[in-house]
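Pasting the structures in now, so scroll down.
First chain A sits with chain B, and in the next complex the same chain sits with chain C.
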Partner chain A sequence: MDSSVVTPPAQEAPPAAPSQQPQPPRKGAVEGSATWRLSDRIGLATCWALGLLFCAIAVAIVVYLLLQGIKYLKPSMLVTPASGGFSQAESGGFSDAFIGTLIVAVMGISLALPAGVGIAVWLVEYGRPAALARITESTIEAIAGIPSIVLALFGTVIFSSTALGFLSRTSEGVVFGRSFFAAAAMLSLVALPLVVASTREGLSAIPQHVREASYAVGKTKIATVRRILLPTARPQVATGAMLGLGRIIGDTAIIVVLLGATQNFAPVGSAFPLNYLRGAGTTLTNFVYEASPTGNLNQPQKAYAAAFVLLLMVLALNAAVDIVHRRARKAGTWSH
Partner chain B sequence: MDEGYLPEDGPRWSDQRAERLLGALVCAVVGLLLALIVTVFVHAWPSFAHNGLAWFGSGGDVEEQLNQIYLSGLEGAGYVYTFHAWPLIWSTLLITGGAVLLAMFCSLFVSVFIVEFAPERMRDVLQPVVRFLASVPSVIYGLLGVLVIVPFIGNHLVTEPQKASVAGVISLSGYSLLAAVLILTVMIAPLMISIFSDGLRSVRPGWLEGSLALGVNRWRTTWKIAVRSARPAIVAGTVLAVARAIGEAVMLAMVSGSVAFAPNPADGLIFVYEPSRPLAPTIVKNIDSLGSAPSNATLFAIAAFLLFSAALFSLAGWVARRAMRKYGATA
Partner chain C sequence: MESLTPVPPPIRRLPLVETPPAREVAPPAAKEGEAGAAQSPASGGFTAARRSIGAPQFSIRRMEIDGVSVSYADREAVKSVSMPVRQGEVLSLIGPSGCGKTTLLRSLNRLTELTRTATLTGRILLDDVDIRLIEPTLLRRRVTMVFQQPNPFPMSVFDNIAYVLREQGSRRVRRKTLEPKVHSALQRAGLFEEVKDNLDHPALRLSGGQQQRLCIARALAAEPEVLLLDEPCSALDPQSTQVIEDLIVKLRDDVAVVIVTHNLQQAYRIADHVAFMYLGELVEYASATALFGSPREPRTQEYVSGAFG
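== the complex of A and B ==
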């Protein structure tokens, strides 16, 4: 049942790939569970059962959505906008939702990435005064803990204020505060803590002597950061960005509140890219929410199709994180 | 400045300037958080001020109250703020508490398994699985809940006599505490597992070896030494999971039944089949009434309550971890 060896818990953060371990774990002198008391063996069995249960849940989710996706997803859905209709066959596809997800992802991460990297650099490389550094750390933790529905409500306040009202639809002086700008700004706050944490981890894993070598050849601090530290920490920055992206495309509460209860783009004005970004819209998560039996559309087949597309995006992001990790480990950067 | 000295980083990127710029960015984010807290509480104030402590109490039909609040805002003459949130708070407590307890049990065993007992190959499967479960969007969990779990509970678990016994009060269709707790458990357990296993890995090997050398078996060593000294990590993971569970809105709006009803455990086990609605989904469901001033205040009051309780849990976690610092393991 249990054949692994008594190894001291690995010190590296993720259990390192076998190739990287200094030597293969010792074999022999293994204490099997056969001599244990019954209660201990029941405990070990529980471990196995729960571990297998989680695997089964993951497999079930993927396989079930795959089957439903194959059954209901038609490529035409990705290019047909949603339209009114009485049956699921008449009501078009979800192209606007698909494009909306891409827009939101690009806008959100292009706000969160520079901000997150900047904050991480400040925390690791500058961090003075110390009190401000401590406050910043707690702030990032707090932002990570704020429910996204609260962020969404906050967004309705700041984006319907007169100062930022021009970013979304206004009618007779009433600002609705619903636009891609509003949603992306709040979603970037969702992604921010992940980018900061990951970048920070990467930067602080770089040994001090690297910085000293750079200063010794006359580089300034910020030049060291830009030319040496950030390129070295690139795998972590990329990981943080992709984790952030995953949260952005998966978030629903902010989209439902700040992007709108529509299934089509609702452009405002005529200046091309801006009119769409200032208007309300939709994303895949919003579409799934509305198309589920508890939503307003109630088209479960389309909900499955859209959920399948969403799941594929999430799986792709996960795979990308894995590839980045594996490459970085092979290249042997300090942080791995 | 000598241009040849630092060719690619001209004076535009001077050190002081960069530090000031990054410092300004940091201050802006800190300011944003403060603005958020202040805004939420200021907007929530009318609701709290009119209800006082009764806001947290029970009494009346919450749906009816929300409707009255909304209508009074449209009429514009004399806002109504009366709101007694107890059924929503109780539902949040039941669902969050149930899911966190269940997830804590599962996560402890799974993370012990990952760190100590799983064979290499099993570990290589489990870790990506946990990461995958953490990254599935909540709306997909909600969809699967509505289309798979809820019908299963409604058709197979709830018996006809049970449905008949509460027919006059509430209908048992599968949208239930049970569905909400089970799905929420799967959502928050991955978060706990990853933090718990980081904690277990950072236990000093010498402590474990000492115990093993005394002839204590691996299972007992793990539970008595590793899990105990990883307690700060366990607290940290639990706090994060609680915050996540309190704030989960969309999935719960889909599977919890969306009825402001307070299931009573005194009724026997049937209460797990009863629908309810926690606080966060209430905001999502009533979001269209934001335009009415008293509704706006009420929804912000719910948000303020969520924010406050999340902060309270973080504080409790911080205090607990401080007390456990002597165990050496970091969280």
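== the complex of A and C ==
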């Protein structure tokens, strides 16, 4: 800091920025920190310790679930529906929960992705009238902060209304209000803020002169968005979608309240596939909860197996995001 | 008009605002006189070699800037500037940072309209038609622009050019039908030989100089009448700069070229006419040799001799 302090110049040079004078071969960061002040060294050590700690926690969770999952998961569980039974051998698998997870994931993200990307494009590229943009922005932030159980409760109000009765089971004029439609609609709200935030980030990172370059050859704003900006922001859009998917897959509260949390599919009517989507169902998260020692089923081995499947899905999503980003990096970016 | 000052004013004196700026366009008759001036060696500390390409063969007036003022909110960035833009010549806008030269350049294809607070008064004519009467997208195909930062689109070299040629956002046009136009645009920008085998490579993997020439090719692909360049070499190394300067001089017969530059040497090397702007005013508009050799305005004299800027 203070250059007037008489110390050898080597003591003052921060290890991160190599100084002008010729130096012996570059030292590693930790070795170089020997010349740091004590408080900095303590800070560095704390960072390392915390980093390693969190790595250890993550690895412990993954490895433990992997081991448990490999031990208990049988491929047949993915294709056998749950059934009544007293022992774990009799109670079948969790195929309905597995398929239910896939259904809510696909339905939820196919609502959240277009809406989220649209909102983000409007906020970043248009944003007029400014007051409406501000309101939209804070609304999205508010949704991001609402616990999903509150969204679920709100969803029951909406989807139990007679006008939306066609989306779920209705008997004697009473709308049940629990179906894949209802759950997916509310789950899309869980994913929406993530898609919006990530897409906005991607769009804002594109230098202004790139937009102008497109306008300067006579392109309209919408053509620029479609052909230049969204393709450029694709990695961030993908990240948002994957994070959103992760949230949808991982949500339990909305499933319990709005999907009925039945053991199996409970189709309504006979028009496939609408009968399944209008009916109640379950997902893996709910199955894990029910199968855990606190749940009604109490079959922890299957809980581990289902949790293992969930974990694999989330890891696959992470890997997919990584691939998208790596491919984008290969295409290069602008120098700033 | 000011009378020529035989002795340059004191160098350290900062420009005074009370000196009336030369707003009037230099009369076209001055052009004949310039040809003689071109032979005389430049004074004012300019020892850089004048480009070898020689005086323009012809000049056709394409654009007419007529009393144009541009304001951002309440700050006036360009104050009542008038000058012609001619095909066959390179017009260079010089001046210190923030003097309004980029704003003036951007108003030529109505890019200033993208800034919400900007307002423009005065007239800009393109082939005798007020540009406010031309659809902006159409105008910007006739008056294209190259920016300071090389900014190819994140797609292949081919698609960068094809994007310009295609209708709004459409992808339907076949590659085969676009190929000749893409190739000719790349050839005009002097890039074809270097990239002809790699047309499908990502454009952002090219070197900085190649990227900038791709941007020029992209701007040329729309077959514009006027090409605007906003400090196209400021992010490039000297070698790439040289290549692009040669290219700009070559292009002046096909399109009217307007180039904003910070680099006086560059303006001296490539420009046929130079407009010196200061604090939003057009201080002096003259041929390059006249402006650098014997500037009429004391402020120009100070700027080109490096007193400020």
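A few notes on this one:
In the analysis below, the second predicted complex is superposed on the first by the 283 of 336 C-alpha atoms of A that agree within 3 Å, B and C clash if a C-alpha of one lies under 4 Å from a C-alpha of the other, contacts with A are read in each partner's own complex, and residues count from 1 in each chain.
The rule we apply is simple: a residue touches a chain if its C-beta (ideal position, glycine included) is under 8 Å from a C-beta of that chain, and two chains touch if they have at least 3 such contacts.
Here the structure is a predicted model, which means the values were calculated and not measured.
Touch criterion met: A:227 reaches chain B and chain C at once.
Contact with chain B, but none with chain C, is seen for A:57 once the two complexes are overlaid on the shared chain. After overlaying the two complexes on the shared chain, residue contacts for A:215 are found with chain C alone; chain B is out of touch.
The partner that reaches more residues of chain A, of the two candidates chain B and chain C, is B. In the superposition on chain A, no contact is made by A:269 with either chain B or chain C. By the touch criterion stated above, A:207 is placed in contact with chain C alone, chain B being left untouched.
Within the superposed three-chain model, A:331 lies in touch with chain C and out of touch with chain B [touch as defined at top]. Common to the chain B and chain C contact sets on chain A are residues 218-220, 222-223, 226-227. Across the interface of their complex, chain C is touched by residues 207, 209-210, 212-220, 222-223, 226-228, 231-232, 330-336 of chain A.
Residues 109, 111, 114, 137-141, 144-145, 147-151, 153-155, 163-164, 168-169, 202, 204-205, 208, 215, 218-219, 221-222, 228, 235 of chain C touch chain A in their complex.
Put simply, chain A touches chain B in their complex at residues 2-4, 6, 8-11, 13-15, 18, 31, 33, 35-36, 40, 43-44, 46-48, 50-51, 53-55, 57-58, 61, 64-65, 115, 118-119, 121-123, 126, 132, 135-136, 139-151, 153-154, 156-158, 189, 192, 218-223, 225-227, 243, 246, 249-253, 256-257, 261, 285, 288-289, 292-294, 300, 303-304, 307, 310-311, 314-315, 317-318, 321-322.
Those residues of chain B that touch chain A in the complex are listed here as 5-6, 8-9, 13-15, 18-19, 21-23, 25-27, 29-30, 32-33, 35-36, 39-40, 43, 106, 109-110, 112-120, 122-123, 125-133, 135-140, 142-144, 146-148, 186, 189, 198, 200-203, 205, 208-209, 212, 217-220, 223, 226, 240, 243, 246-250, 253-254, 258, 280, 283-284, 287-288, 290, 299-300, 303, 306-307, 310-311, 314.
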